[in-house]
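Chain IDs A, B and C follow the sequence of writing; residue 1 opens each chain.
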Amino acid sequence: MTMDKLLVSPNPHIHAPVSTKSLMRDVIIALIPAVICSFVFYGWREILVMAVSVASCVLLEWAITKYMLRKPSTIGDLSAVITGILLALNLPYTTPWWVVMIGAVVAIGVAKMTFGGIGQNIWNPALVGRVFLLVSFPTYMTTWGAPQGVVDAVSGPTPLGAIQEGLMQGASVQELTSAFNYKDLLFANLGGSAGEACALALLAGFVYLCCRKVIKPWITLSIFATVALVSLAFWAADPTRFTDPLFNLLTGGLVLGACFMATDYVTSPMTLWGGVIFGVGIGFLTMMIRYFGSYPEGVSFAILIMNSVVPLLNMWFHQKKFGRK
Amino acid sequence: MSKNTFSIGGVHPHDSKISRGCPICPLPLAPTVYISVAQHIGAPSVPCVAVGDKVKVGQVIAEPGGFVSAFIHSSVSGTVKSIGPRPDLAGRPVTHIEIAVEGDEWAEGIDTSDTLVTEIPSDNKAIVEKIRQGGVVGLGGATFPTHVKLSPPPGSKCERVIINGCECEPYLTSDFRTLLEKGEQVVIGAAILSQVMGNVPCTIAIEENKPKAIAHIREVIGKLGYEGIEVMVMKMRYPQGGEKQLIDAVMHRQVGSGALPISVGAVVQNVATALAVYDAVQKNKPIVDNSVTVTGECFPNQANLMVRVGTPLRYILDYLGGIPSDAVKVISGGPMMGRAVANLDAATVKGTGALLLLTEAQTRRGVESECIRCGRCADACPMGLEPFLLQKLSRNADVEALEANAAHDCIECGCCLYSCPANIPLLDWVRMGKGLAMGAIRARAAAAKAAAEAAKK
Amino acid sequence: MSNIIIWTIAVITVLGLLLALVLYLVAQKFKVEEDPRIDEVEKAMPGANCGGCGFAGCRAFAEAAVKASNLDNNYCPVGGNDTMAKVAAILGIEVKAKAPMVAVVRCNGSCAVRPKVNEWGGTESCAVKAQLYAGDTGCSFGCLGCGDCVKACQFGALSMDPETGLPVVDQSKCTACGACVKACPKAVIELRPAGPRGMRVYVSCLNRDKGPVAKKACASACIGCGICAKTCTHDAIVVEGNIAYIDASKCKLCRECEAMCPTGAIHGVNFPKALDKDAIKERIKARQQKAKEAANE
């Protein structure tokens, strides 16, 4: 007998090999293909944007917990790194470094830490940062430079932006979409924010997260399904005015938003049906903004609007309880 | 192999059944045993021996203190040394009967031979009385007196007896060894139970990680020629052996909130209980010992022991070489639902199924951090509850909301805390909330009863 | 230009008047008739909404007080006699002054005298701990040391002493609301009369185990020896279930029990002079001698 004091605690006495940090690490791993693609397509300036974004997010969170909230630092859980990566993927690679930093301040400082840090924020921090920059620095945010990376990709404005502009000048959708081919959309975008570079890389990350059971696919799938159905309905009614479903699925950051932004734990509902309603709402709002709004694409706004509804969804949709009707 | 399982939640911890190869062997008698009078759910038993009395193995030393209570028998032969309070494994004083061991003389009428008695008596009432006299309680953990379970309230009808051989808790192997070594007895015990409940069919549910036991029990059933008894292979998933979960998995019926299994026509008994029923009915042998798994990665001499009731825990561990230096926690039961031992001088009770030793790294709780609202606790909860919500309500003692969100349905299986990435002590608080909600429900029921009685007058 | 300004002002003014009218009508329609004294009483209350009086906050207390015929069952421990006098004046009824109370910790099993026998690894909450087991010391009656009482106190009157591991009551802040009494799962905290100038003597232990068991778990436990009860000349001490209890209404603060207690479980606080054990023992001895002689004669 060598032990002098027994440890006593209530059951359970063992724990699953999972922690906040391990979950966040999995999300980062899932983002790696998309990050690599963005580096390959957009070159060193994208590396700079990514570095500035991640570094500012992490530093800011560290500084705020240490000097303002005066509590143990939370940067160890890696959630700030994810916010940094997502913010960078949401910006054009041409964004000046100081604009990226302002985005990080809004994302971490305003959208996350003001509410009390991880777990407390209502809106997805990276998206708040992005939308803030979009309305504050529209010039930088909509100047999509041509890809400069090692791959010889097609250059031009964002597909959705081009179409909205074209429609205003009286062209028909068919003429405009014929300029893009879907293979380009899947593998290498034409211009746009870095995270839109390669839908396939993002989907690979999404599949990884689902396989690791980090996220459940319902939210993402319901977004895709809603976008496809809504655009199919409009497109079938009038193909000259409305873009087709596949085009809508592959452009404007929908894949990035649906796979990585809408599935953020903190800002999405906790139950299955809450998640499905959440996804349907995002899909529907996205299409309404795209077809009828003044912004060419609406994923960011749609997610932020639905983020606000999450507390209500959590209140309305509960688990099915055992042995109860 | 079909895979039967319950419909909501559950987790999949590593099964760690490292002692599955150790046959059950008897533990030498301790010099002194301490037999608790509160070894079962319900009223504590009343001692019926006095200090100085000589007792034999199997002699009644305490009588039931009510309908929901049980006989307690001496597990050794010797002299009663004292009757008085002694700390149990939680350190709380409970009346124990202390007996100094002298020899090993059994009370008369107990058949201690190994001969298998296959003939089942036909008088069901006599069988239930024998089970009651044998002090049989549910040995799956809840220690609910078995004769009460076998006397369903009028109007309810049993349609199936389920023998719970899931042993879904990691580490535990005593039920597995019992199935392997005493398969015939367990099957006859099952046959007795199904006869008592009105010749209903019987299912012996065994998790798929025990293929040997499954094959053996199938063989035994064939050999003994019972037609109404079948083996059902269950998926490996915790808490498969939870009473409500098992009924859901086997019969696809969900026992309602606050209702008993008999309300959906089920009676569930554990493998060890089936064996105790066999012993009590066929051999006149009351519960004086039970099989205990002593295990843990840090514990080199893992074993499955036949331990007399009332043996001090320290004696068992010392017999197997003492507690290794890297062990920090001793658990009575499995790692998911077992109770941490605060006092090694406490003695075993009928329901002690295992002693598990864990190291600092295995069992120390991580530092609690903010809830990230991942919903894993809700996914894991086999009762479909929302632990993240309940723990908050419980911290605020919001009794009304706790009841509305079914805190009282919690079965304390530990899946929520097991799966929480932020190490939030969910179950600690949900259990508090469960207590609050149950208290409110009971108070209401008592008030309604009082009002009804007042109206009668 | 000036036209626009005039119009703007006119429209806003008319709009303002219209809305004011609507508000007024709605307020009239949904007006609740209430005894105006409720508001007055509520104003006289401390406004802590602590629930120490047994009602759900000061407003609920005021409503009950206005309805009640006397104030015997309505007492605000936080405001004390001053507040109750004000309330009585508003309601035009008499109120008896009550002795001020204070929270008293009935456990003195500090880390030094009550060794830990196991380590708690669960939630830092007395309620959770008490539910699971007897506690991390050999004493199953004493303070669990997780500070539920400190969390329950709204007035900052309680704090945990890191050295002893026991809660300490700051008498100047304690309002005797009773929140800590309710929060303690072991009923360690009791509300006792504060005593003249805060002087009071009480048994700071709840251990009901037999003497040797209690003593083994905690060096300063009450062992139920009964010396205090035998010493007390005011009949203020009863020993029941191996534990002594001092009835504050009978205690004359002579401190003889405190001096005689073999384990130091009896505490006297706020006395101007330190306890002179020897002098008191002498005094008791002399008295007992006298009594013996008287009996012999």
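Throughout what follows, contacts are C-beta pairs under 8 Å (C-beta built on N, C-alpha and C of every residue); 3 or more make two chains touch, one makes a residue touch a chain.
For clarity, every value in this text was computed on a predicted model and none was experimentally measured.
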Per-chain CA centroid nearest to the all-protein CA mean: B
Selected pair, greater C-beta contact count between A-C and A-B: A-B
For chain B paired with chain C, centre-to-centre distance based on mean C-alpha positions, whole Å: 42
Interchain centroid distance [CA atoms averaged], chain A/chain B, Å: 49
Distance from chain C to chain A - Cα centre to Cα centre, in angstrom: 54
Multi-partner residues of chain C (at least 2 other chains): 117-118, 121-123, 128, 131-133, 136
Residues of chain A whose C-beta touches two or more other chains: 6-10
For chain B, residues contacting two or more additional chains: 329, 339-340, 342, 363-365, 425, 428, 431
Interface residues, chain B side, partner chain A - complex: 7-8, 11, 13, 170, 244, 248, 254-257, 259, 314, 318, 322-325, 327-331, 335-342, 344, 356, 358, 360, 362-366, 369-376, 378, 381-386, 388, 405-406, 409, 412, 414-415, 417-419, 421-423, 425, 427-428, 431
Chain C partner contacts - residues on chain A that touch it in the complex: 5-10
Chain B to chain C touching residues, read off their complex: 87, 90-93, 329, 339-340, 342-343, 363-365, 425, 428-429, 431-432, 435
For the chain C and chain B complex, residues of the former touching the latter: 117-118, 121-123, 125, 127-128, 131-136, 138, 140, 209
Sites on chain A touched by chain B in the complex: 1-3, 6-16, 18-20, 22-23, 74, 77, 79, 116-120, 265-266, 268, 270-271, 318-324
